[in-house]
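First chain A sits with chain B, and in the next complex the same chain sits with chain C.
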Partner chain A sequence: MSPGARLVAVLGVLALVLLLVGAAALFVGSAALSPGAVLAALTGRTGARSIESVVTLSIRLPRIAVAALAGGALAVAGVAFQALTRNPLAEPSVLGVSGGAAFGVVIGQSVGLGFGVLGAAGLTAFAFAGAVVAAGAVYLVAGAGRLSVQTLLLAGVIVGLFFASAITVVISFVDVNRLGGVIHWLLGNLATIPPASLGLFALTAAAGLALVLPHARELNLLALGEEAAQQLGVDAERLKLQIFAGAALLTASVVAFAGPIGFVGLIVPHALRLLLGPDNRLLVPAAFVGGGIFLLAADTVARSIVAPAELSVGVITSFCGAPFFVWLLRTRYRALL
Partner chain B sequence: MAGLRARVRAVEQAVAAGSRPRVLYVLWPEPLIVPGRESLVTELIEIAGGRSISASEGTDYPRFALEAAVARAPEVILLANHSASTGGIDRERWRGLTSVPAIRDGRLHAVNGDLLHRYGPRIVDGLEQLARAIHPEAFR
Partner chain C sequence: MIVEARGVGFVYPPARRVRPFRLADLTFGVAAGELLGVIGPNSAGKTTLIRLLSRVLEPSAGEILLEGRPLARLDRAEVARCVAVVPQGVPPQFPFTVEELVLMGRFPHAPGRYFESGADRATARAAMAATGVLELATLPLDTLSGGERQRAVIARALAQEPRLLVLDEPTAHLDLRYQAETAALLRRLNRERHVSILLVSHDLNLAAEVCDRLLLLAGGRPVRLGAPEEVLEAEVLEAVYGCEVHVDKNAASRRPVVQVVWPDAGGR
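Our next item is the complex of A and B:
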């Protein structure tokens, strides 16, 4: 099969799975609607003002969209950080980048940014600044130049812990009424967001994706080493800067709208590499759809397992991700450590 | 003290004849936190002549799914304000849910959480505020 045909086939299958999981998620939730009621709401037979219609179309559907978008963004950020650092275990939360973005959001909230689409735009800017600072700090701590796998991970852990403490400091000083709900948000918490904010989220995630996706071929060359990539005509410095900006933007948008959800950028790219191989031209778009499938499934569990209460989706991804990380470390990447 | 007791009795009498509308009390909008079985606010809503839709939830202040709240079709929604101007209030989010009886009938109110969440004599002020929001017809 030609690479183009393979890409179309893989994306087609993944998109179909995403649609199926999304459709299933519409029927699940604590409101206990019958499948018939959901179908009636979807086909418009209940009237736009019925409870069934509001639950299905105004609460579940936007949340499904947020979950799919956030999962895709995080998975692509994972692929990007892994290619950028040539480290298979790099990922926004492991690298401390999510922690930096979260610190940015908490600062933004404590100066009064909050509800509404303008507030969300401001929070995204704060998150992006935090992500850039954190990633820069990891780079400095690990020592610029060739980064060994363990040095980079250690630097990421240190920076992540630093920002976690910084967040605690802010929470201790700021009126709790400004930061209420922050504990749930820090675990990674998907919620139904208004259409304007959802549009803004989609735009920022698309901008991040647009910085990474066109350079997938060059990322393959970068895997050979920077010098080799240079010799093959890749402007490595410029490429790294673009990928870095894209990954930071993807991470920041998710953190601003859903909180620092961990491990999606690790689980999804690795699962897809096992299935599809390491070619980034296939991996980057596949990770966007695959990440959506994974986080959507995790969120559907999170919002139905303890109904009528809810869990934060980050709890589910961490319960999956932490053992997966250990498994990767003990089996596939033993030789690297 | 006798004065406070008299005011509580006055509230009880004023709402005794009316129906008991379903009340959603929003302690925090995102994630949605509501008063559960053991909480003070649940009891105050009872006395003020309403029924909290989260009155049977297990813990004091449980997290609650938005769609579960909507599905229980609250007839009155009370958004708790916390001291400063910031905090729990997020009216816009609720205004969009036009199929909820409380929103359809324009019965979305802000209440002063400081009077309702803390044990003390001001609770009676809070109770009167609740009763007016739940049974405006009894206090004309």
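Our next item is the complex of A and C:
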């Protein structure tokens, strides 16, 4: 099979699974709607203001969209950071980049941002700034130049802890009412967001993807080392900057709209690597759809497992991700450490 | 001349805890179809020379010409279509298959393409056949032996269809059999594909056997350039390496053979 045909087949299968999981998620939730009622709302046979219609179309559907987008963005950010650092265990939350973005959001909220599309855009900008600062700090702490796998992870943990403390400091200084639901959000929480904000989220995530996807072939060459990539014709400096900007933007958009959800960027790329191999030209697009599937499934579990209460989706991803990280470390990457 | 260095010099930017290193007055050329060996002790400037020839570094003095054109004015893809570097190894983090690795050599021929074309795949298959790794095409690199991996990396360089093949210590981690295989492979590629070769090696005897001419570097300066028997003279090597050596002739090939005279070896 030609690589192009393989990509189409992979994306087709993943899209079908996403559709099925999304459809299933429409029927699950704290409001007790019968499957018939959901179907009636979907086909427009109920009034626009009926409970069935509001719950299905204005609450569940946008939330499904947020979950799919956020999961896709995080998974692509994971692939991008892994290729950029040539470290298969790198990921926005492990690298502390999510923590930096979260600190940016908390600062943004404490100066009064957060309402409407403009507020959301402002928070995304603060999150991006935080992500860039955190990634820069990791680079400095780990010592610029050749980063070993361990040093980079250690630097990420240190930076992540620092920003977690910084967030606590800000929260204790600011009136808690102004930081509505911050604790829930800090664990990673997919809430229904208004259509305009959802559009903004989709745009920023798409921009991040557009910075990474066209360079997937060059990312393969970067895996040979920066010098080898240059000797094969890659402008490595420009490539690294673009990939870094893309990964930071993807991370920042998710953190701004859904909070620092951990481990998606680790679980999804590695699961896909087991199936597809290390070729980033397959991995990047597959991770975008596969990440959506994973986070959507995790969110559906999070909002039904303790119904009528709700878990933060970040709890589910961490419960899956932490053991997965240990398993990767002890089996597949033992030789690298 | 495929590549020509004219009075090339290079100084690494000063850094703490790193001893300053400079390369100076380097003038040499590699003719079409020639096999030139670059030899010399550690920190002679061999790796720096590879980086300069592949435009990873820019010379601070003099200039390098690729087929008559100044290297500094070519973009990276143009350089990669002319000069292919075989590094010492492949990083183990992401285990690509042999075929995926070899196809990477096609990148400089169409950097804008997302997937390689059918013609690219044919070129890659021919390169794999030339180094004898075609039957390993679908295997991940981390399942290969050292010698097989080396031949896969050489195939990747051949897929670039270069005029000049630069090899960095190709036998460094290989046992005797693979050293002999590599030597034979290089000579065959040079003969059959008319590719010029610049072989950087610690192994004086390999270089003497394989190469038409040798360039001896020491402390960032050229010491001698010429036929193996002109360069591998006992007095020259003793001055450069700081140890006693004995130079003989290989009975079969009539090429020089260098042996270290081990200190105190006669006292036992």
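Quick note on the criterion: the second predicted complex is superposed on the first by the 337 of 337 C-alpha atoms of A that agree within 3 Å, B and C clash if a C-alpha of one lies under 4 Å from a C-alpha of the other, contacts with A are read in each partner's own complex, and residues count from 1 in each chain.
The rule is simple: a contact is a pair of C-beta atoms (placed from the backbone, for glycine too) under 8 Å apart; a residue touches a chain by one contact, two chains touch by 3 or more.
What you see is a predicted model, and the numbers here were worked out from it, not measured in a lab.
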| item | value |
| --- | --- |
| Touching partner for A:253 - first (chain B), second (chain C), both, neither | neither |
| Chain B versus chain C as contact partner of A:51, first or second or both or neither | first |
| Which superposed partner A:204 touches (first chain B, second chain C, both, neither) | neither |
| Which superposed partner A:231 touches (first chain B, second chain C, both, neither) | second |
| Which superposed partner A:93 touches (first chain B, second chain C, both, neither) | neither |
| First (chain B), second (chain C), both or neither touched by A:59 | first |
| Residue ranges of chain A touching chain C (in the complex, touch as defined) | 2-4, 7, 86-88, 149, 214, 216-218, 220-221, 223-225, 227-228, 230-235, 277-279, 281, 335-336 |
| Residues on chain B engaged by chain A in the complex (per definition of touch) | 28-31, 33, 57, 62-68, 70-71, 73, 82-84, 86-88, 90, 92-93, 96-100, 104 |
| For the chain A and chain B complex, residues of the former touching the latter | 29-33, 49-51, 53-55, 58-60, 112, 114-116, 175, 177-178, 180-181, 184, 189, 191-192, 194, 303, 307-310, 312 |
| Parts of chain C lying in touch with chain A, wherever the complex brings them together | 51, 54-56, 76-77, 79-81, 83-85, 87, 90-97, 100, 104-105, 107-108, 111, 113-116, 140, 160 |
